[in-house]
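All chains are identified by letter, namely A, B and C, in their written order; residue positions are counted from 1 within each chain.
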Amino acid sequence: MIAAGILAALFALLLAGVPVAFALIALGGALLALGGFSPLMVPQGLLSTVDNFVLLAVPLFLLMSNVLLKGGVGRDLFAAVQAWVGHWPGGLAVATILSCGLFAAISGSSVATAATIGTVAIPEMTARGYPRRFVLGLLAAGGTLGILIPPSIPMIVYGFITEESVLALFLAGIGPGLLLIVLFCGFAMVYARFAADYRRSEKASWAERKRASLRALPSAALALVIIVGIYRGAFTPTEAAAIGLALSLLITAGLLRTLSWADLADAVFEAMVTTVTILLIVAGAKVFGKAITLYRIPQDISAFIIDTVSVPALFVLAVAAVLVVMGLFLEALSMMLIMVPVLAPSILPMGLDPIWFGVFFVIMVECALITPPVGLNLYVIQAVGHARLGEVAAGVWPFLALMLATIAICYLVPSVVLYIPFHL
Amino acid sequence: AETTLRITLQLPLKSHLGQNLLLFKDKVETASNGDIEVQIFDSAQLYKDKEVPQAVGSGAIEMGVASLTRYVGDIPAVDIFYMPFLFNTEELVREATAPDSPVRKPLDEAIMGTGARVLWWQAYGSVILLSNGGAIKTPADMKDKKVRVFGKTLGKWVEAAGGVPTLISGSEQYLAYQRGTVDIGMTGMSGVKSRRLWEVMDTVTVTNNADIEFIVVVNEEFWQSLPEAHREIIATAAREAEIAVRDAMAEIEADAYKDAEANGMTVYKLTPEEVEAWKAAAQPVFDSYLSDAGALGKEVYEAAQGLGKGN
Amino acid sequence: MTAWLDRLSTWLARVAAWLFLATGAMLTYEVVARYLFNAPTVWAEELSRLLLVWGTYLAAAALVRRREHIRITLVTDRLEAGPRRWLEGVSLAVVAAGCAVAVWYGTPIAVDSFLRGRSTGTMLDIPNWWSEAAIPVGCGLVVLQCLAEIARLLRGAPAGGEARSDMAGPT
């Protein structure tokens, strides 16, 4: 009863347009005061959340991907991939997906991935006669690879909330990320086979391939350095982010000479904006989380779940259903911050691996990013592709289905998720 | 219930510290006929270990469990329990941590100055080293190796022994060992078991170079506001819980060693000569402790020197 | 007065942005020091956390001015200008109230640490109030900025504050 009231109050604040971070802080503070608990927990929660080495990876990965973005790396990657696979049936679509996957390996954000690749791929694909809805849906969905393939900001946040290893989460995202790329590419090729009115790209010449590949090589190498560095344990995720940032500056400002001083200032400022908005939501969620913990709400929900749901599959299904519905209306990261603390106490008793659950949750966040009416990737592609929200939303359904299918596969074959971190 | 005691704990309820809190809860609630209710918030739902001193001292929460050495920023002398090889046998630890011990008592009194009363100490066991392909018998085996540490004093010890201290959080330990981010691990023996570290390290060197203690603290202002009868009940339960966990610790560690060996780990015990070599290399740590920890540090250090003389 | 506050918060946000870049430099140095010289620093990890805390809270007010904080505009986008301004005023008041709590209870925490001379007790062992002060200072700026925004709305300014920079998104 109390839980329903709190949820209603939260939704009212959010829909009234109160910024998510402050809605959580204000409601958390009010709950503490009403429950006779100490409001000292407000400043304590705000400080302890941000005073954290794991979350330091957030600004660093954002800086890295912004620097690369301003340095035109997205365009270079897309050109290189297109030179190799563009002439296949559905080749341009495949090139787009692969570029999303590649950019995902240097960016921790779905929105950045969608915006970067979308800017270059949407005009190209529509010019080649690909149906608009398909193009927009593909980019919105392809962008979400940004948070499944490491690095990933939601994974950092999940690791922060659950005290699980961010490194393990990163490695666990690789398998499902590759699976999703394969499914997306397969769908695109089948789609192209049956779609009548698009023109194939010409096969690129060897000279062109060489030129494009050479230009994209440093960035691709950067992606490799980061993944291998993380995989080999050379550095922690936060350090990987710092090294990645240093190398990205070296590549764009030094090697390619595509980053001006003004570009850098822009990149730094934009990364700051995103960082602050994210970290304040995480901090707000911490305050709110403390308040509902003192009301024993997560504990009661967890006890209820464990009493009523006996089969893990049912639990996963129920959580997925709830998250799909919440994901329609809630901003994706907020959804994770509100729901993970509530669900976390049930994960182990349900016999689920916390790392597996983290990857599952990230895929659900990806879904939330592309479902209307509230879905950041939809908004980004809408802006980048000069389209209506409805057009983008109409194009994402097949990809959404593939993402849910990926979850089913990961449930049935957990090694897709867990083999790389723990057995490779 | 008339009174609610909320306790924050960093570890999960199933850890031995969590189980010890359950024992306390049970005793208090029974003895008070339900007048006192104890609520345990485990797994850092409310506060991480490092926040507990401030949270309890300020009265944001009534009670909490913190590792003793968390108080080092306020009371540098608490690091006496991390002084290399100072309390490296169970007898020395028991003597040092007894409620009236000249080592513990002044520390409890100093902690009172932060606004928190120490109710009881929870034994957590000794620090050991983990490695692959051979034990870390002497400082020579640590030379230029990257060693996982938690906290300043252990870092200084590693440095004094010629190693390279590297801060790795508890949750990143497994992968840091598996991937070789550090060469030598450092943890308590119960951590080896709960994190299944035998999957990634093959040797335990029983250094017992430091003693890990947790303390259960209650906000002093809140404590003084309680009726005398309630304080009595709580203090009695606290004492019982303290004895229980101290007695259980030896068994918990013995079990952890057994499990480690059953899972293929080699357990190496230092010889007296090797311990002497370690101690000799550790002198700089003592020097800097004595210069940083003030009069209180000197007092408990001298008291520690007097232990184990069989008086 | 409000113009002066805008300039201050914008300037602080710029500082914050470069502080984040500085953390990148520190941690890069840390990795290099550890691998090349086998000598990790004692300061990189803690100083970079300190910069993260200050950067985040110093920039919060400017983002209120620019309406950059993530919010759900599903409902407000569909409102007429009048009700929209009204709702925005209420929303800013909620932000101010939440931050006022943080200022009220956060100030004694920092002051107490300062008076007691409490320090982190970690490798670097810096005073606790260095980081604790960021909450009352940053949240205090947010309260002031909210009041300035509400004053603007009362004087008839349209909802939406200063134009947003772009669509940088969080996830």
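FYI, a contact is a pair of C-beta atoms (placed from the backbone, for glycine too) under 8 Å apart; a residue touches a chain by one contact, two chains touch by 3 or more.
This one's a predicted model, so the numbers in the text were calculated from it and none came from an experiment.
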Query raised in the report: Looking at which chains touch, is this a line, ring, star, complete or other?
Result: complete
Query raised in the report: What pair of chains has the most C-beta pairs in contact?
Result: A-C
Query - Centroid distance [mean C-alpha coordinates] between chain C and chain B, Å - result: 36
Query raised in the report: How many angstrom lie between the CA centroids of chain A and chain B, rounded to a whole number?
Result: 39
Requested in this report: With chain centres taken as the means of their Cα atoms, state the distance from chain A to chain C in Å.
Outcome: 24
Query raised in the report: Taking each residue of chain B in turn, which ones touch at least two of the other chains?
Result: 54, 58
Query - Interface hub residues of chain A, defined as touching at least two other chains - result: 40, 44, 53, 234-235
Requested in this report: Going through chain C residue by residue, note those that touch at least 2 other chains and give them in order.
Outcome: 45, 109
Query - Touch list for chain C against partner chain B, complex - result: 34, 38-40, 42, 45, 108-109, 112-113, 116, 118-123, 125, 128
Requested in this report: Give every residue of chain B touching chain A within the complex, in rising order.
Outcome: 6, 39, 41, 43-48, 50-51, 54-55, 58-61, 168-172, 174-176, 178-181
**Report entry** Touching residues (chain side chain A, partner chain B) in the complex
**Finding:** 38, 40-41, 44, 48, 53-54, 159, 163-168, 231-236, 289-290, 293-294, 296, 298, 341, 345, 421
Query raised in the report: In their shared complex, at which residues does chain C touch chain A?
Result: 13-14, 16-18, 20-21, 23-28, 30-31, 35, 45, 48-50, 52-53, 55-57, 59-60, 63-64, 66, 68-76, 87-88, 90-91, 94-95, 97-99, 101-102, 104-106, 109, 131-132, 134-136, 139, 165-171
Requested in this report: Please name which positions on chain A make contact with chain C in the complex.
Outcome: 13-23, 25-26, 29, 39-40, 42-44, 46-47, 50-53, 55-56, 59-60, 63, 109-112, 115, 147, 153-154, 234-235, 238-239, 241-243, 245-246, 268-281, 283, 329-334, 365, 369, 373-374, 376, 379-380, 383
